[in-house]
Structures are given as structure tokens and as C-alpha cells.
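Below is one structure. I have some questions about it.
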Amino acid sequence: MADLESFRAWVADASATLTDQAEHLTDLDRAIGDGDHGTNMARGFAACAALDPEAGYNGIDAYLKMVGMTLVSTVGGASGPLYGTFFLRLAGPLAAADEVGVHQVGQALRAGVEGVVARGKAQLGDKTMYDALAPALEAFDEASRDGQDLASCLEAAALAAAAGRDATEPLVARKGRASYLGERSAGHIDPGASSATLLIEAAARTLV
Amino acid sequence: MADLESFRAWVADASATLTDQAEHLTDLDRAIGDGDHGTNMARGFAACAALDPEAGYNGIDAYLKMVGMTLVSTVGGASGPLYGTFFLRLAGPLAAADEVGVHQVGQALRAGVEGVVARGKAQLGDKTMYDALAPALEAFDEASRDGQDLASCLEAAALAAAAGRDATEPLVARKGRASYLGERSAGHIDPGASSATLLIEAAARTLV
Amino acid sequence: MKKLLNDPADVVAEALAGMAAAHPDRLRVDLEHRLVLRAGGPVRGKVAVVSGGGSGHEPLHAGYVGLGMLDAACCGEVFTSPVPGQVVAATRATDGGAGVLHVVKNYTGDLLNFEMAAEIVAAGVDGPPVELAHVVTDDDVAVEDSTWTIGRRGVGVTVLLEKIVGAAAEERWPLDRCHALAERVNRQGRSMAMALTSCTVPAAGRPTFELGEDEMELGVGIHGEAGRATVPVAPAREVAASLVSAVRSDLGLRRGESVLALVNGLGGTPLLELYVMAHEVHRLLAGAGVGVARSLVGNYVTSLEMAGCSVTLLRADEELLRLYDAPVNTPGLRWGV
Amino acid sequence: MKKLLNDPADVVAEALAGMAAAHPDRLRVDLEHRLVLRAGGPVRGKVAVVSGGGSGHEPLHAGYVGLGMLDAACCGEVFTSPVPGQVVAATRATDGGAGVLHVVKNYTGDLLNFEMAAEIVAAGVDGPPVELAHVVTDDDVAVEDSTWTIGRRGVGVTVLLEKIVGAAAEERWPLDRCHALAERVNRQGRSMAMALTSCTVPAAGRPTFELGEDEMELGVGIHGEAGRATVPVAPAREVAASLVSAVRSDLGLRRGESVLALVNGLGGTPLLELYVMAHEVHRLLAGAGVGVARSLVGNYVTSLEMAGCSVTLLRADEELLRLYDAPVNTPGLRWGV
């Protein structure tokens, strides 16, 4: 079961990881975008990690909404609204819960990923963060149906996200800034798929 | 004795030499000026060398005036009016002569150099073309007083010009663009003193 | 990286402070939200025209705030779209009761952030309802158009659109007409750019892309996005021919038509060279029987210090020309006042 | 060298053709003499203000031809002064019977060529006599002033002078008053520049000077002449402090005085950075109790694609401000029309 502390640990871990990987993400974005993805994500998650724990959000859902709003207002670019929406939507299925288990996290993840699609209209294979998030959700659900615990489900999700991220390499982008490159976008891993994988990996380390 | 053909040969030789040395002169000007002296001089003398021999200038003085006017209207920068004035003033003492000897060439040279001073107000040691022209004139006069022939007088002038040019190296410029550099202009040969030396050297090869 | 700045993280805030200091008579700067606004506040009964995007393209957009053009510009980090909170604040600060038109360049980040802002305003949680419309500029023919992708980037047409629609708003056209006009301007204009050098985003500290000593990038985007192809450097007349023919054919310009032509510098190219390009562009258009009704030459949509240029052609008609000629008083574009 | 041009030898001629094409309503270009003139021809009864110099500093001077500013600009080769024939032609083409004022920047080449032109006009061989006067701008405090040398370079003050004296001429001030005003503007203004990079003269094909990756040139001239010192790159606030304090102390500005301030880009520096510099300059002046009555930020006197900037301060008074505010309609500076 994951409680508010777990979710706060997730965000803290994500912030540390993204700061650590900022240069790598920016390099990926320099190749097929505009070279700011690492800076954007590190700035946004640092702001989330700095949210005052006493600042009156009672419960997981309020906290996740706060994280979502913070991302929306600090990340900018394409990823700000997308990850912002992801966290805002995560909150829905977790309303009023103090502790959540596999089932609820699965529902939250689905809501979050659907939010990304609703906002960004990406389809599988468009070479976006969705190409990491979609397989992660699927793997989580499958592990959950197999009766595995939250940690195992998230580990399965993280592995699937990483595979999805790697599979973006040969793709020709159809969404986001990389799509301007046409054929020349092939041969590079998508920065958003990479940051999405880092986020799920952080969840697997913390939401337990 | 030098005739119209000699003067035309002088200009042709000067044009060839300046084209040849354009890059060198420009390099000198890049060090303490704005890097255009070679281009300016080569452009101007090429225009003079291309003057139509049939174009109605009868006599040496008319020809030199034409050269002077051409320099004024094609060289630009500081050196255009200065060399232009030099050639315009050269013409004076040679009026109505078909052939000229040591004495007249000496007078012409003096008039030309005085023209440069009248125009540019340079004094000896200001690190300008005058630092090559003044000793050249002096050496010419001395050789002329010694009774030497035109060729020898011009050779003496050329040697003195070259020495004057080399002596500009340690000087701090007080005129022209190099003066903006103050102390930093020391340690470089003046581009105008170099082109002036090339002109006198060309005269020594042709005005015979 | 050699740049005139202090901490790279502060460059946008400090530049906005500089704008406030330099143009106190005309502009007001909201440093908290990073907005540039007209000094006079909202104009009652006038549609407000609000734009914004990443910084680093100056004078776009902040330099186009003022009478006859924008009511506000939302300034994001360098090359990063503004966040919804900025757009919401700009919308609320400029609404004069006649609605607000958002002018958005077609980049996912800009689209999504303006869209979220519109949702927040529509939700009405933070204030009274505001009538909203938005136009998306997508004039860069270097990018292949397709319904499967996000489509083309918004570039040079954005300036002309802000000018023309700004004039219509000043004439008190209602929101739906301003919106329709904006869509029309976008449909009638196309652009293409090329770069001789990359640019360096201050926070990144090194060039966005690499170009060899003999290479140029054809079809480059204003954030240094790679273009159609990296090709050998060519004389101005060939560069102009590439740009003009791409734009002209995409726009389907025919003999006898006329255009507003914008020969735009990307930031690092001297005006002397831009006029050489303008000469070639005019020559090519004359050769194709296309008249140039109005001409702009200079740095209007830049990409920091990138060397290069873009050509924008906007099919002219009487209405557009009249609105284009109307008075404008902004730091970046001024006439008639 | 990567540049947008054809043959480097043609760059000035082709740029002038581009100006003619881009501004047919306002400018007329004499390609033979490389002059930019007002479209309307000489203005009867008005003093004509004629300037010129090497090309590569655009918009100076060609971009300042038009109502309220210059009557003609004589365009030399890149960084090379024009020749007397050009100045003579410009003088004859603009004289409206009230005389002609030559505005000359203090470089030997410019001085000598304008002087020869004045002698030719005075000789009257090629036309009727024209009343002439000239002013020499020498505002660059980076150069030590001395009666033994040519003195200081003319830089940023030239723009402000052309604007202010252009307005006086438009008001039909007679030549002697225009001349005295011009001398006064020059006396009241000072500038200093710094460069982060060199520039490349097209005909030379390589950078005029070298600067290390961590160096900047303080006190650089607009032709890439070396300055006071090559120093390590510093933050904008320190750069601004160097420039402002040099200019301010030379001008002897005291608390309570006010100035026109020009924060000028040398060509390759993005507007974003110029506004950061403007912020610092305004801050420093405020700290010194000096008011900024008018402010210009942008590329006004450039050095091709050189990255860097200059600061010009002109001691303000009512008369100068009134003339500065008067209408001007040129490609490079426009307001009030």
C-alpha cells in the first residue's frame, strides 16, 4: 500500500533523477527537438519537490493535484501541460484515500495516461512519451490481473516503459517538435519517452 | 629622361605590384587599421592602369592628373585622397613637358609630398605614408645635388623609403586609424608607408 | 558561450525589466507573470489580441505590444512556451469586454499551454467569463503538411497577422470577424527560412546544432530545429531562389497577383546582407510577374543570434493592405503615429 | 566566411538595389554614385543634411534617409569611406537653395573625402555655388583625445545628431543654426562600445581581429579597430558598468541631469541581450541620479555581424528633446508619421 509519504517520495526521487539526467534528456531533445527537455523537467520537478509538506493538501489526491498544477505552471513547452495533466488526472481515482493499493494505482495510472492522450492526441508509434506510458500501463494491468503486488506491478511497468522508450528510436515522429524533422527524426530516442520511463522507474522505487 | 610612356609604365608596374602585395598590405592594415588598405590600393591602381591610352590626355601632366582623379574616385578611405592629391600635385611642375629629367622629377616629387602633407597634416614620426615619402624625397634631392642621374636618384629614394617604412614599426601612431590604438599601434609597420615604398620602388624601375 | 547577460536563468526577467525601463510611455511589464502589456491598460470595447511564446525571437512578441497590434505578450523561457498561468493573466488583464483573441504559433507546447489557459478562463473559477477565440499560425513550408502530424510551424506570418488583426481590433471589429480575418491571413501567407549558423540557448550554453564551415541549413525552424536539408553554402541569388520558389509554389502565386513580402533576419545576419537578399527576392518575384505591394526588411522574428534569413509572402488584397497600413506604435513596428 | 551575398565586390551595389526595391515610396537610389536619396528630390528652402561613410554599419547612414533626418547618404565600400565624387553628387542632388550640412564621422578617410568634395563644390566647376558647412562627430571615449592625434572616433552620437539636426532642418532652421546645433549635439554626447566577437569584411573573407573564447574587447571601434583592452568576458552588469562609467565621467554627468540613452547592438547580439544591457544601464543611471528622458534599444550603428554593444549618452535639454521627438520617417527610425 502507498500513502501520502510514498507519493512524496516518488516526486522527490523523480526530481533527483531528472536533475541527474537533465543533460542527457536535453541532449536527446537537441537531436530532434529544441534542447530544453531536461531543463524543463528538472525545473518543474524541483518546484514540486520543494512544495511545502505543511501546505494544507490533505490526502494523496490533493497532493497530486498540487503537483500537476505546479508542473503546468513551471515546466512550459509541450511536456508541461502533458505531465501536468497526467498528475492532475492521477488524482481522480485516489480521491479521499489515505492509502492505496494495486487496484487504485492501476486506475490512477490509466486516468493519467488517458489524460496525456486527451491533451496531446498522440497515438502509439507517434514517437512521444505515450510510447513509454502506454506499454507501462498495459504491463501494470497484466501484472495486476496476475495478482502481483504493487511493487511487482510497477517493476513490470518500468521494464515495459524502458522497452517502449527504446522502441521509439527507429520511429519517424508524427507529434511534437520532432515531427518537423520528418524522416530525419528516425534514429533517435524520444526525450519524452525517456523522461516518462524515468518517472515510472522512480515510482517503482518509491510507491511501495 | 622620362616620357609619357615611362609614367604609364610606372602606373602599370605599381598596379601589378600592388595587386601582388594586396594581401600583405591588408594584413598590415588588419593589425593596426581596418584591413582594407591592400584592397583599396589594388582597386584604385587597377582603374588607373586601365585608363584608355587614347583618352585624350596629351602630355605627362594631363596623364598624372587623370591618375590622381582616378585614385581619388576609386580608392576611398584615407589613402584615396592622399595618393590622389600626390598624383594631382605631381602634375604641376611637369606642365607642358614631353620629356622630364632629374630636376623636374625632383620638383614634382616635392610638390606631391607637400600635397600629402597639406591634405593629411601628418608630421614626421606620426607613423603614416609620410614617414616613407619624406625620406624618399630627401634622398632624391641629395642624390640629385650630387649630380646623379634620374635612375640613381630614384633608387636612392626607394632605399630611403624602405628604411622609412621599416622605421615606422616601433612608432606610436598619431594620425590615421592606427592612432585609435594608442600604445598598441607600436610594433607594426604602417601599411601606408609600405604602399608608398612600393610606389617609389616601381618608379625606380620605370621612370628611366 | 559569450553573451551579454548575467545568470542565464534570469535572462528573460532582466530583459523584460529592460523593456519596462526603455519604453515606460508605451509598455507596462508584469514581472510576476512575465507579461508585456500596453501602458494604458485594457481598451474598453476593443477585442484584445494576445500572443506569446518562447523568448529569444524578439521583437516577436513582446516588441509588438502597443497601439494597433498586440494588447499583451506572454513571454516564456528562451524557446519554451509560456505556461497557462501567464496566458490566463494576460487574458484577464487585457479583456475590455469584447473578448480576447489568442494568436498561437503551431508548436505543441504553445498549443497545449494556450489551450489549458483557455480552459481555465472558460471554467470561470478565477474571474468572470471572457469570450475567447484563437488562431494558430502554421506558415512554414519547410515542414510537410499532414493531418497525421502536428503540421507546419508558425513563423513569419505571425508578425503580419498580429499587425493586420491588431488594426482590425483597433477599428473595433468584433471577435468573430477578427478571428475570421486572422484565419484568412494565416491561409494567405507562407514562409521558409535558412541558417548559416546555429544559435546558443543561454541555459544550454552550447550551440543547438552543428553546421560545417561550408554548410547551411535549408528550412530551419526558429528554435534551431533542423530543416529540409543541410546543403553547401550558396550565393544569395540561389538561396533566395530556393526560398522564394518553395513559398511561391506552396502558395500557388500566379502572375499578376501581389504580395506583402517580409525578408526577415534571424538575428545574426547584418542588414547589409538582408538587403542583398531583398534585392534577389524582388528580382525573382518581378520575374514571376508577382507584384510587391509592401516590403519589410529586417529582424522581425529572430532566433537569438542565428545567422540566416527567412522569406514570408502574404497574398495581398485591398483589405489586408489597408489594415497593414493603419497606424501602429510598438517598439518593433511603428508608423502612422 | 559564410554570408548571404553573391560576389563580395557587389555587396554594396546589390544592397542598395535591395533598399530601392524595398522602399520605393520613400527612397530613391542613385546606383552610379551609390547614393540613397529621398524619393521626393531636394526640398526647396530647407537645409539639406548629407552624411555617409563606409557601408556595413546599417541602418547608419542609408537607413536614416527620409523626412526629418537625412536628405542623402553616400555609401562607400564596406568600412571604406565614400569618395569625393559621391559626396559632390549628393550635395548637388539635395541642395534646395538653403545650403548643405555634411555630417562626417571622425575618421581620416571620411574627413579627407568630404573635404575634397567640399573643395570641388566650392570651386564651382561643376555647378552653381552651394553654401556648405560640416560637423565632425567624435564621441568615442575609448580613444584618448589629443590635439596631437586625429582624436576620437565618431560613433553612436551620429544617429542622434542626424535625427535632431534633421528635425531642425525640417523646421527650416538656416544653415548656420543647423551647424551650431550639430556641434552642440556632438559636444553633449559620448559613447563607448565592447565586442564579444569580431566581424568579417566580405572582401577580406576572414575576421578582422581575433578574440579568445573567454575574451571581449573593451572600447572597440565600429570597424573592428582594437579598443582599450582585451579583457575576460564579464557579466552584463559589469560590462554595463564599464561602459556607463567611462561615458558618464567623460561627459561629467551630475546628479539631477538627464540624458537620451542609446543602447546599441553592433549587429550580432540578440535584442534579448540588448534589453538585459538596457536594464543594467538604466539601473546604473538611476543609481547615479541621472534621469533617462528618452531611450533607444536596438541595432542603430552596427559593425556587420559583430556581437557586442555600445552605450551612448546625450545630455538632454528641452530643445534637443523637442527636436528628437519631431516626426521622422526613415527605414531605420520612424515616429510621428
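A few remarks follow.
Letters A, B, C and D mark the chains as written, and numbering starts fresh at 1 in each.
Rule of thumb we're sticking to: a residue touches a chain if its C-beta (ideal position, glycine included) is under 8 Å from a C-beta of that chain, and two chains touch if they have at least 3 such contacts.
Just so you know, these numbers come straight off a predicted model, no measurement behind them.
Leaving out chain D, the touch network of the other chains consists of the groups A, C | B.
If you take chain C and chain D together, no chain is in touch with both. Note: centroid distance chain A to chain B, computed from Cα atoms, is 76 Å. The centroid of the Cα atoms in chain B and the matching centroid in chain D are 32 Å apart.
Between chain B and chain C the centroid-to-centroid distance comes to 55 Å (mean Cα coordinates, whole Å). In chain C, no residue touches at least two other chains. If you sketch which chains touch which, the chains link end to end in a single open path, with no loop closing it.
Pairs of chains in mutual contact: A-C, B-D, C-D.
The touching residues of chain D, when paired with chain C in their complex, are 2-6, 11-12, 14-19, 21-23, 55-56, 58-59, 63, 78, 196-197, 213-214, 216, 233, 235-237, 239, 263, 267-280, 282-283, 292, 295-297, 299, 302, 304-305, 307-309, 329, 331, 334-337.
Put simply, chain C touches chain A in their complex at residues 54, 76-77, 79-85, 107-109, 112-113, 115-116, 142-144, 148-150, 153, 201, 203-204, 208-209, 221, 223-226. Interface of chain B with chain D (complex): residues 26, 30, 33-36, 39-40, 72-82, 84-85, 119-120, 173-177, 179-182, 184.
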